[in-house]
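Quick notes on the structure that follows.
Chain IDs A, B, C and D follow the sequence of writing; residue 1 opens each chain.
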Amino acid sequence: MVAGLKRIGILTGGGDCPGLNAVIRGVAKAAMSGGLEVVGIEDGYLGLIENRMRDLTRLDVSGILTRGGTILGSCNKANPAKYSLPDGAGGWTVRDVRDQVVRNYALAGLDAVVVIGGDGTMSGAAELAARGLNIVGVPKTIDNDLCSTEITFGHDTAVATAADALDKVHTTASSHHRVMVVELMGRYAGWLALHAGVATGADVILIPEIPFHVDKVADYCVKRSRGGRGFTIISVGEGAAPAGHDRFVDRVIDNSPDPIRLGGVGKFVAENVEKLTGLDSRVSVLGHIQRGGTPTAHDRLLATRFAYHAYELLTAGRFGRLVVQRDGKIDSVPLDQVANKVRTVPLDYPLIAAARAFGTCFGE
Amino acid sequence: MVAGLKRIGILTGGGDCPGLNAVIRGVAKAAMSGGLEVVGIEDGYLGLIENRMRDLTRLDVSGILTRGGTILGSCNKANPAKYSLPDGAGGWTVRDVRDQVVRNYALAGLDAVVVIGGDGTMSGAAELAARGLNIVGVPKTIDNDLCSTEITFGHDTAVATAADALDKVHTTASSHHRVMVVELMGRYAGWLALHAGVATGADVILIPEIPFHVDKVADYCVKRSRGGRGFTIISVGEGAAPAGHDRFVDRVIDNSPDPIRLGGVGKFVAENVEKLTGLDSRVSVLGHIQRGGTPTAHDRLLATRFAYHAYELLTAGRFGRLVVQRDGKIDSVPLDQVANKVRTVPLDYPLIAAARAFGTCFGE
Amino acid sequence: MVAGLKRIGILTGGGDCPGLNAVIRGVAKAAMSGGLEVVGIEDGYLGLIENRMRDLTRLDVSGILTRGGTILGSCNKANPAKYSLPDGAGGWTVRDVRDQVVRNYALAGLDAVVVIGGDGTMSGAAELAARGLNIVGVPKTIDNDLCSTEITFGHDTAVATAADALDKVHTTASSHHRVMVVELMGRYAGWLALHAGVATGADVILIPEIPFHVDKVADYCVKRSRGGRGFTIISVGEGAAPAGHDRFVDRVIDNSPDPIRLGGVGKFVAENVEKLTGLDSRVSVLGHIQRGGTPTAHDRLLATRFAYHAYELLTAGRFGRLVVQRDGKIDSVPLDQVANKVRTVPLDYPLIAAARAFGTCFGE
Amino acid sequence: MVAGLKRIGILTGGGDCPGLNAVIRGVAKAAMSGGLEVVGIEDGYLGLIENRMRDLTRLDVSGILTRGGTILGSCNKANPAKYSLPDGAGGWTVRDVRDQVVRNYALAGLDAVVVIGGDGTMSGAAELAARGLNIVGVPKTIDNDLCSTEITFGHDTAVATAADALDKVHTTASSHHRVMVVELMGRYAGWLALHAGVATGADVILIPEIPFHVDKVADYCVKRSRGGRGFTIISVGEGAAPAGHDRFVDRVIDNSPDPIRLGGVGKFVAENVEKLTGLDSRVSVLGHIQRGGTPTAHDRLLATRFAYHAYELLTAGRFGRLVVQRDGKIDSVPLDQVANKVRTVPLDYPLIAAARAFGTCFGE
């Protein structure tokens, strides 16, 4: 036990992710057994800013291992450096409230905080660490696109949910000779659409890393249809886009509204394939379903390992670090080394090669 | 065994529905054990029109009980009275090919056909029965909106899939103080959105039978948010519409495109609630996922009971009848009594009263 | 609202059953919305005897719809007419504490109690009703063997769990040419083993209602093995027994311990089939897994309907009644008409006929 | 493509394991795309010995990715060095038929074989490789106890199945104040009972690596009961044993039958805890359910990666090697370096430390 460590806080920031409660439970149970007091900070950084915290008991963290969501609440937008406040005149003003956070941390008697979150949350954590807060970070993303770690909890559950959806449309597609598009999360990286697609034997996989040609996709559907397998399953990440399309510009070429921004890339693919081929096409948009639900056993174990290593870092006084997995092992890196860039799927990723060998179309 | 019954056909028509294979298997296994030959007719009425049939063996129907889809294929659009054919000039022509069907039925040596399908398929079956074909019908719909039977297989599985999705967004909604909309199937009847909504404790349930006011929904979300439960789960059937909205007209009032027709009612609700309340709102559109997947044990049993009763009707020579459930018991009605109208949720359905008593909002 | 009805209690008795919480929630939410106070009675009749009750709030019953178990706790053995107490001399004495229950009911200011439980619990309820307590009963059993109602919540979930297990062993059995026995609950009635067996296409189904001959089962396994399908799946209810075997006698014939009582009927069947046939045989004993877990959507809906009807009976002042399903509809019967006998599977049950037609072996 | 590689075989040996079909499919699809002929060898080494092989087509391996079992069949006992044959006198004789296997391999025109199996199967593969067969091995075990690789497919699915069972009994245990024992597979290593136990927050975890004291377990149950949490969940691996107990000796001490060998360690623990504490105890024995079912998405991905790497080894002419995962990466090791020993859970495994920190009892 590090000298002086008596009272720790836990907060969860960013979007929802299966396994958050498993990490909270793991850190809290280990800390309580180690004689520490544990404080739950509500709604991410908001709790530190607005001084909303509560002491956690064993009962609070009992039975939460299997639950989705976070018992502490979260907040997508709060960042202590850019906190939005009513300006008193009906509008909003943005302030840097990091000093306030430092004060509230001290007032609450905290000796350290475990911060669980994604890229944005960790940037905030690094800044607070620079102001003297003792912080240990635990990375979280269903998208698997954090560059500091090979894998985080939540991704496995999201892949399982997406694969379940792809499995379900498979039978309909084959019975009804249809093109079935399932749009999955993944704005910047295609891990989820790729993993769920390969795990279910999807015929077409479209991901942000590989710009696609919708006519190539249509040709492929026709080829399958003629070959007697009159159906095609398409797994598409929400960030996938046709070659030459800039997803971050509002309108394209002819001044008409961009259909991809308007209706999503899944609908775009389904409508264009149907138009080009005459084949019946349908789309499902899973949305936030992928962020919820009971975590898989795999994610509960990973979350538990991350939580326990966070506790070990705490008790070793190794603050300012982020728990990661490297070469299959749990480890940690400095919080401020977390590059603020996305880990996309490398084009030489073996599962891409495997899928290509199986005949999967990437729309190239 | 009815005199002369030696060879029967089976066909599946209409949209996909979990349990189709269970019915095929049930009819085929009973018929084979009873000494009958069993012919699988491919792709619904298309197989009868185009003479695509194959003899089924025990092996063909082994192991299919748990599979979604239909091993026989289906076809949404084929109707022997209105069959589309290439006109030789690049276009299409529509013909009445019922005589051709009668001929093919005779050529194939069929003594009877079990027709599994929904409303449209049963209309076709009644017409063919009037031409002398020996037909037993088995009703099928995930929407539960056939007026001739209390329940059909497929609905329970669709409710389970929809409930699973609603359960999953529940944790995210509560952790992230969000409005979560899940759009479910049900163009004309709200059974699916109602059953899945009640089964998961959805806060708002919007169904075609009860025109909604989006401002009432928004007020309800705000009330919940102020009451400390900063989230709302909305289960909406695809056929639900605001009061005064005619879902079957392309454009409304001001000549602008109808947003509900364009993006779906789920997106319409999420966008308007967000606009009216400022609360973060998200939408999932399950789509055909609800039609696929392994049938629940409940649906496998129901499909098996329907199948066995169809076989009993066959062997009793009671043709021209549709298997149904009445007062909790398996029974049959004349095929031609199948009114061509939808069974909507009655407004005095006990689960609506129950949901209202629990405080659920129907947008009224 | 009935005059004077202001405060109601809820208790759950007997073994675990998925959907108990859904009933508690349904009754409590409806009652609270109707302006009633709701008291949770702990651990079945024990709470009434030992005066352990607590007021329930909306928060207490929020989020419990999807959870197995009962938030009120239960007790298998407590019966107010035969309550075991320490006798002060290190042993136990049994007393009739019904007067005490009547007193505690009055002291707690209860105007009525909703009693959720099985046969034993309802016998107790009828006796208390005879002493003047206002009671509405809600039947509960995973075994589906209550004679007063066609179906209760919990059975569908138990069938789903059992079917999932049978589905899982199916692939192993067929790959490894094995006999796979799955022992399911059902001491007196075979509903669970029959329903799960038919829903998964089990080859052999052994239930208490049909005494089996283990050599017939063995012959059937050999026949399948020779026929090229080198595997057999056996669904056996725990109460199934060989013809002539009295399950309720400790030792049989030769004074050696009864292997069925000792190791269970599943193990008995597996060992004897292996001995008689030389075929590799394995057994799984699901046990209490069948009583737990998230209720299926189907059971949540049924539980909710039962709960709402219980509330309607309360407010109508129709006490001394048990909610039931008759002819597919929710209804009620007098509590004291609940015959204390088991509803076994009738031998002319259509699913038995169907299974026989499919070639399923019942060990006859 | 290696010169001369034109025709490859695939076989699966040993016990069932979710993901076998995913490997078969992966190897076959990649090989077919690479222009190779693919031969399915039936029932493990039996197919090589008895010359039972069949050419596989794309159709044969289509749609099998999600299925448990193996389309090729397997055989637990066949070993070319010790093949049992009828001796013509009603008994059996054991012969070394490796020469016959070499002959059949040549006769079938095979250039290489992918062997998928566990320890025993790989020993056989190494011996056949020594006789000149071109072999690539793919390791398989739900137990995760192969010493050559960090992980294999199948384990994740088995953990998921076991965790699901433990989750289910959790609600019953807590509602009914019971001790619930779930016996899981793992004869020599405790990975499954440990992983499933930690993933579900089991209170007691008993594994072969840590001999337990049943009185310590009983004391722990009593402590929990007195502490207000009147229930205990016990995850026990089938190979766990009390300190001093030799699981491989038939009878102990007093000449009475060994209860652990007779009824299993799960039943032993439940009965002794009940005897020592008076607490109601129940046991579930999952058995082969853990080996079956649809593989998790995680296992399908891992199986696919293993399969693709096996194909890469084939085409690179790198025979006599076993695909493995090392430091989180797919790699290979020589087949003959596969030590014939079990990879048990190391006592310093971080999840054991984590579980201890959470208060989990290991019976020590």
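By definition in this document, contacts are C-beta pairs under 8 Å (C-beta built on N, C-alpha and C of every residue); 3 or more make two chains touch, one makes a residue touch a chain.
Only a predicted model underlies this, so the values are computations on that prediction, with no experimental measurement involved.
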Problem set entry | Taking each chain's C-alpha mean as its centre, the one farthest from chain A | C
Seminar exercise, completed: When centres are defined as mean Cα positions, the distance from chain A to chain B in whole Å is 34
For this session: Using mean C-alpha positions as chain centres, tell me how far chain B is from chain D in Å, no decimals.
Result: 41
Seminar exercise, completed: So, in whole Å, the Cα centroid of chain A is separated from that of chain D by 32
Problem set entry | chain B, residues touching no fewer than two other chains | 167
Seminar exercise, completed: Pairs of chains in contact here are A-B, A-D, B-C, C-D
Problem set entry | For the chain C and chain D complex, residues of the former touching the latter | 12, 15-16, 20, 43, 67-71, 73-76, 161, 164-165, 167-172, 174-178, 180, 182, 262-263, 280, 282-289, 291-293
For this session: Mind listing the chain A positions that touch chain D in their complex?
Result: 25-26, 29-30, 33-34, 62-63, 65-66, 150, 156, 159-160, 162-163, 167, 195-196, 198-201, 229, 296-298, 300-301, 304-305, 307-309, 311, 325-330, 350-351, 353-354, 357-359
